[in-house]
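Paired with chain B in one complex and with chain C in the other, chain A is shared by the two complexes that follow.
Right, the complex of A and B next:
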């Protein structure tokens, strides 16, 4: 469990985080925010690299500064820093030996962890020759090799190809399902959306919202929605929709229309009628802005 | 027990990284090259300078110059490189106290640098003293001088390493601060009049006094003059126990380095 109680962090006159309070239970929690929002500062406070100027950070029931808590903590940094002349296996083994494992146990765990992330074939090669994706997987392997209870992943998808991204998403989801508390940050929001149970939205050092993606979207019911309508006759459809009061905007797409609306049940009833009864003008209705990215966009605008 | 294992592991990893560094191999090749040239030392030099050829050249070249420069360089880089390129992050989130990491690195730097200096002193001894030269008064270079230098380097290396680590942990431009330490402390303060108390707050002064006492060169020799010139007639033994001074200096510098390294927040950012 990760708990922030009234945490603020200042760098001189600049406030990086302001009065953050939240609790993260087991499962995967996404940390979303623009560059400079305070995501990395929040993670560094949670892993004990920084100390709060005000408030208290608890991880797994204690301060992240203590060795007892760190024993059960895993961290995958966003920075691409390695001892380039070491091979992947040696690097992960070194980290485990510093963690306190004996040489043989450290090597066994390192091999297992690297194999888990598809690095079995290349673990003997120097890190200098690794691709961006391989380097990312080495960071993840060292973060998880000691089976931590609390894991922090800072931009873990960066540099991965689509297949590797999918594997990474699966690995993160499995971690969450196994009872580990995972906090993961990413700027690729739609990827995060498929992995996380909950989201923390931060902007300019403040916690703007927290909850599941659909929870957050429900909080924004009074905001305009956008819908994508697939139609074989978009001109006819547009003509009928422009007369409706709830429709605040329309634009043509390659296979239909995109519609902006202030909401209301009446619109959905009309759209259903248009699709079912009146010449089947609507083939498909899909919300455009139910994504994490859209929610985030609304909140910070 | 686990703390000891982590300290030893930190030392082992730092040693391996330093042994793999290009600088280490460049310095080793440089040392071998110098020893190779010393082998061809003209017999006239041995005739004129006698055993002092080895004593004086090793004092100025190794004790006054190479030892502080090399150990400080390694002390600074072993810490500062990890901090500046963010590899320290992997260590700082592990269940290991930072003082364990730092002591491991300190041991690694002290050992490696002493080993390199010792190898060079030994090679130079082989090159200068062992060949059958026409030494003045028939005296060669006693092996005891070599052992005195080896001991002196072993006492000074941990002190310089601690200063290097302190600079690496504390300052953004640690090499500049370390260079200032060499100039100010080792060259200026250590050569102040003997009454100046600040001399004991250097490594060069107590090390020099210890060498005088241990080697005990003839008082009329150039070697004695080189070692005691700045004492202005004071007896080295009357200025306090040099071993105590070195030990105190080393412990204070190491303690400060641990304090700074353990307390600092760590906020590595991309260098873009």
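Right, the complex of A and C next:
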């Protein structure tokens, strides 16, 4: 569990984080914010690399500055921190030995961890020759090899191809499901959304929102929801919808309509009826702005 | 490549002593010179003064008869023929001290340029410090490990090889005269050379923590060491009565202290107080700078 209680952090005159309070339970939590929003500062406070100027940070029941807490902490930095002349196996083994495992155990665990991340065939090669994807995997392998209870992943998707991203997402999701508290920061919001249970939205050093993406979207009542309606007869559908009070805007798309609504159960009932009609005016209803990206956009704007 | 399950296996964590966790860092530092053939060749070349002194000792002791049976002195005749104070005489402490102080300055510059004065800067540039700190390694422990690794590297030429020469001399000498003539001063010589190596390697590693660029800190270190020696020599030549000017060079100052510590006559006659002041000031400045530059926060700013 990660707990921030009234945490503020200043760098001289510049405030990086202001009065941040939240709790992160087991599962995957996404950390979302623009560049300079304070994501890295927050993550570094949580892993004990920085001390808060004000407030308190608790990780797994203690300060992240203490060795007991750090023992159960895994960190995958965004930048490549490698000794290029080492091979992957030696790198992860050394990291485990620094963590406190004996030589034999460290080597066994390193092999195991690298195998789990599909690096079995290349673990003997020098890191210098690794692709970006391999480097990301090796960073993740070193972060998880000691089986930490709390894991921080800083931009783990960066530089990965779509297949590797999907695999990485699956691995992160599995980690969260196994009861580990995982905090992930990423710019790839649509992929982050598929992984996280909840998100922390940070803007200009302040916690703007927290919760699941759908909860957050529901709370944005002043923003009309937008729905994409696929229809074989969009003109007739438009004629029927314009008479509804809850519809605040309509526009034609290549295969139907895009509709803006202030909400209301009446609209969805009407749409269901139109879909079930003999004319079958509505083939498909899909929300356009229920995504993390859209929610983030609304909040920031 | 695929990512397999990342489920934990809940293995027992067995705490190991801190020194055991620091050893991989020290080992990495020491081994960094030997990761390619070029490094190994350079290292061997750096040991030339010690190897040359070993050969000289073997000739003097009559173990190696380079010039034919008739031309060389055999048994104890060699070192008995030389003055006891002669720096070429293996029964003189000057033999073991001067091979380092007079002939190993280039080796020292090369080894520190390639390894020691890059040690921390290299990790800082690669953001490896972040990973170390999150694994419960303290800045002091980290510095000590780097220092120890660098000490071992320099210690091969400055301590281990002179000791080996002495042991070879004792074992190969025809009788116990060599041992009887040397055993009284050797512990003092070994201790002094060990301290000297520790101080100089500590200075180099400390210097590496001041910069983020390994190349910048290496070049600045060599310029400082070489420049101060050249300046000290030049000024002491110009102002012949001001012998303390020679102490401007940390190498020469440390040399003065080594001669004093090992009980060897120093022909340069620079005062002891100025040598102590220079070494003390450099150490104090480095400690002050390190206390600021090696804080955990420094790793991430």
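FYI, the second predicted complex is superposed on the first by the 292 of 301 C-alpha atoms of A that agree within 3 Å, B and C clash if a C-alpha of one lies under 4 Å from a C-alpha of the other, contacts with A are read in each partner's own complex, and residues count from 1 in each chain.
One rule holds in what follows: a residue touches a chain if its C-beta (ideal position, glycine included) is under 8 Å from a C-beta of that chain, and two chains touch if they have at least 3 such contacts.
Keep in mind that what you see is a predicted model, and the values were worked out from it rather than measured.
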Side-by-side fit of chain B and chain C on chain A, or clash: clash
First, second, both or neither for A:97, with chain B first and chain C second: both
Chain B versus chain C, judged by how many residues of chain A each one touches: C
Contacts of A:83 with chain B and chain C, given as first, second, both or neither: both
Which of chain B and chain C A:272 touches, first, second, both or neither: neither
Touched partner set for A:118, first chain B, second chain C, both or neither: second
Which of chain B and chain C A:75 touches, first, second, both or neither: both
Contacts of A:34 with chain B and chain C, given as first, second, both or neither: neither
First, second, both or neither for A:44, with chain B first and chain C second: both
Touching both chain B and chain C, residues of chain A: 40, 44, 47-51, 67, 70-71, 73, 75, 77, 79, 81-83, 85, 94-95, 97-100, 142
Chain B contact footprint on chain A (complex, rising order): 40-41, 44, 47-51, 67-68, 70-71, 73, 75, 77-79, 81-83, 85, 94-95, 97-100, 142
Of chain C, residues touching chain A in the complex: 1-11, 13-16, 20-25, 28, 32, 35-36, 126-128, 130-137, 296-297, 299-301
Footprint of chain C on chain A - complex, ascending: 11, 40, 44, 47-51, 67, 70-71, 73, 75, 77, 79-83, 85, 94-95, 97-102, 105, 109, 115-119, 121, 133, 137, 142, 144, 146-147, 164, 167-168, 170-171, 174-175, 178, 180
Interfacial residue positions of chain B with respect to chain A in the complex: 2, 5-6, 9-10, 13, 17, 20, 85-87, 89-97, 101, 265-270
